[in-house]
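The next part holds the structures, each set out as structure tokens.
One chain, chain A, appears in both complexes that follow, with chain B as partner in the first and chain C in the second.
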Partner chain A sequence: MSTQLSLGRIARAVAAKDLRIELRSRVVINQIFPFAGLVMVMFAFALDNDDVLTRVAGGLVWLATLFSLIIIIQRSFAVDSADGALEAQRVAGLNPAGIFVGKALAVMVQLVTLEIMLFFAAVVLYRVELHSDGAVLLVTCVISATAGLSFVGTLYGGLTAGARGRETLLPLLMLPVVAPVLIGATRATESAFMSGGAAVSDGWPWVGVLVVFAAVFGLGGILSFGSLIEE
Partner chain B sequence: MSIVVDLRDAVVVFNGFPALAEASIEVQRGEIVLLQGPNGAGKTTLLRACAGLLPIVRGEASVLGVDLCVDRQSVRPRVGLLGHANGLFADLTIRENVLFWAQMVGASEAEVVSTLQRFGIDGRLAEQKVMQLSAGQKRRCALACLVVRRAELWLLDEPHAGLDASARDEIDAIIREACAAGATVLIASHELERARGLATRSVSVIAGRVVS
Partner chain C sequence: MEAQTFTARVATPTTRLVGAMALVSMAWVVIGGLFVTPRDVDQGDAVRIMYVHVPTAWVAYLAFIVTAVASACWLLSRKHSMGFDRVAGASAEVGVVFMAMTLLSGSLWGRITWGSYWAWDPRLTTTAFLLVTYIGYLAVRGLGGSLEQRARRSAVIALLAVLEIPLVHFSVLMWRSLHQKASVLSGDGDIKMDGSMLTTLLVGVIGFTLTFTWLVLHRQRVLAMQDAMQMTQLDAALRERANESENKSVIESSRLK
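And then the complex of A and B:
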């Protein structure tokens, strides 16, 4: 007789599986990293003003992250749907909350890696400076915003996984929902960079918004993912 | 012998259409039952209903002692459904695919190794990505996943489709071995001659009804 595992163990196995698939296929490294880097370069060409770029660097980093998130989520569910593996997990009665948390964790790891690269690009291309006072704020902002984005992305990825026209449906549904993350993360990042005369302390209330957002969508995903991927 | 599948006048509505119309079937443990019938007759719906994927809107349905009218979730871990897709991760190797499912039921690595050996997908072949495999090797890998998942009821939808003669023989041998080990198998197939040789009993599914 089959035995069922805890949410944590399922989540760990699903996350490890998704990350192993990424390491094998190298889609994030070979395609999404260059894409996000190109977006940063194109912004630099379009704005072509050091002062403006320094001022809006935070927003540009998070916009590039959002665009990349769409591709990462689509890829995350495409590898599961291609040969019916997502359905196999559903048929096997795996705890859907475990699948949700596992997939979100894998997306989180990929996003954090991408964001480190994007912030490095912002320092090089947009000449932003990170002061030691803002470092803690920036790290907290990255963690909480990434968690929120991963939870929303995984939730909507599951919702659209079996839908016709999912490639266009996902950004249409997801982007309006992640607008609070874009706003909050941009403001907190601007404070961390102290751009436009912002103080580091101004960023913490925005981090609070990001934490609440991540908590709401994390809990919402755990509770509803099963019904979303059900027929 | 215990009853594994017991459907009585079960009705399943799919896209507003009664895909199963008062279907009744009883399957004993260790049986290999062939479901035969024309396309659209309800064979796949019957398999999916037995897997707890489709709601029974009327009648009675019990699979492995679980009343599907009350609870469709708890039967799923004990059932393996293999449809036209194999349910494998193409970028992972055979061993990693089987190991993933082994982890989901707490099976040991030794169990994975012995299953791979039994299915003839061990050694260097086990380290090949699924995307590099032939259709027959993919099927064997998918069936190996069912074994490590310890599925008690195998629901196989066209298990021979797209395979050459030797791969079909291998699949048949695996199914017989699973039954000898205590599994029960329902097969929907159009390959009647081959499937009849494999099955212990065959029933027809016609317009959503099961005819013995």
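And then the complex of A and C:
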């Protein structure tokens, strides 16, 4: 029996593999980032009011993130299931929990980069003002919300990748689950932006919700990912 | 090849009894709800919607609890008995129908009483999310693959839903609140309701629960037949393929000669 790789090493290797593929193929940078930017512009067309845009900017940033998450997850698993790489990883005896954490980490890195871009877009397009008081809140909110989104996305992405060709099911399964993240992250971001007279301190309870969410689905994913991707 | 036949009967004396009791209590609810009980002081005739709304909501939640418990039983039991999986599936199907009825009757009541079909309150929003989540669950059951695969996938999804629902509920609760406070289970034991109304409501709960039980019993038997049929078809296909290759090897060996 060969020596078992630790969960951390598997996760690092899987995450590095996924990120390397993304860096080389540039699909995320060339297609998904512009898509998210386009969504931000479309929101402005739909709402057509500068004050409203500034007021709801936090929610729009997170909605654009959710839409992009669906594509990033589909992409992340399409790369793996196209040539049976996911199965190969399982046959190679890698701990599914390690694969789960690794793929979620790679998604997390992509999402955080995307969110930074979206926040800049909000500043430019929606006239949002960033306050130094809200900076810590904003950073904590981004990290905890992104962790939750990545865990849920990877979990349900694994399920739909296991059932080949049923990617259309992903949004139906995933969006209801991430609703608490949308609510929590939006409220926390609005507090950090101080939009509509919100106080920065109002945002912290929401960060608590986001952290609990990420912990619950991180643990849930580690325990169940193996069952979901098994053929 | 001999064609295998199935007896297409799913009723047993027990289900017949449950069905008859369900019919009687439902008739009671219809007569009681529409004719016997008085109008409400504030809500008028709209209160009669309650005799359907409350029992369907109760049954939907009960159905999803049954699905979760059956899924956990499937995952934990060593034999992985398919019976648990079928009960989970049947119960979720019935639950989705009843949850849709709850939302429909609730929004009709809301239109009359609140003046709008929908309000963004925690109970309503969580209920809508439950409906969507279990529609997703049923879609996962329909993904295909082996019976074992279906059972494992859907059991995990059902248990993840158990994690999801409290989180959704809590976050929407933090978001806002407006729902009609529960009047029967208000906690202080003081029930503010006319006797005939309360009786009709309780009979409604019993009647709808019996209907649920009857539907699930029948549905899981039908599912068992479907599974058996799938297995026989698979066996038949395998046999056919085996015969084919045998014939082929006979032909090939005769050619070689």
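As a convention for this text, the second predicted complex is superposed on the first by the 228 of 231 C-alpha atoms of A that agree within 3 Å, B and C clash if a C-alpha of one lies under 4 Å from a C-alpha of the other, contacts with A are read in each partner's own complex, and residues count from 1 in each chain.
Keep this in mind: contacts are C-beta pairs under 8 Å (C-beta built on N, C-alpha and C of every residue); 3 or more make two chains touch, one makes a residue touch a chain.
Since the model is a prediction, treat every value here as computed from it, not as a measurement.
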By the touch definition at the top of the document, which applies to A:S224: first (chain B), second (chain C), both, or neither?
second
Which holds for A:P34: it touches chain B only (first), chain C only (second), both, or neither?
neither
In the overlaid three-chain picture, which partner chain does A:G196 touch, first (chain B) or second (chain C), both, or neither?
neither
Once the shared chain is lined up, is A:V212 touching chain B (first), chain C (second), both, or neither of them?
second
Go through the superposed model and pick first if A:L172 touches only chain B, second if only chain C, both, or neither.
second
If we overlay the two complexes on their shared chain A, which of chain B and chain C does A:R9 touch? Say first, second, both or neither.
first
State whether A:E87 touches chain B only (first), chain C only (second), both chains, or neither.
first
On chain A, positions contacted by chain B and by chain C:
231
In the complex of these two chains, what residues of chain A are touching chain B?
1-5, 9-10, 13, 17, 20-21, 24-25, 79-80, 82-85, 87-88, 90-94, 231
In the complex with chain A, residue positions of chain B that touch it
51-54, 73-81, 83-92, 96, 100-101, 103-106, 129-130, 145, 149-152
Where on chain A does chain C make contact in their complex?
155, 159, 162-163, 166, 169, 172-173, 176-177, 179-180, 183-184, 187, 205-206, 209, 212-213, 216-217, 220, 224, 227-228, 230-231
Spell out the part of chain C that touches chain A in their complex, as residue ranges.
129, 132-133, 135-136, 139-140, 143-145, 149, 152-153, 156-157, 159-160, 163-164, 167-168, 170-172, 174-175
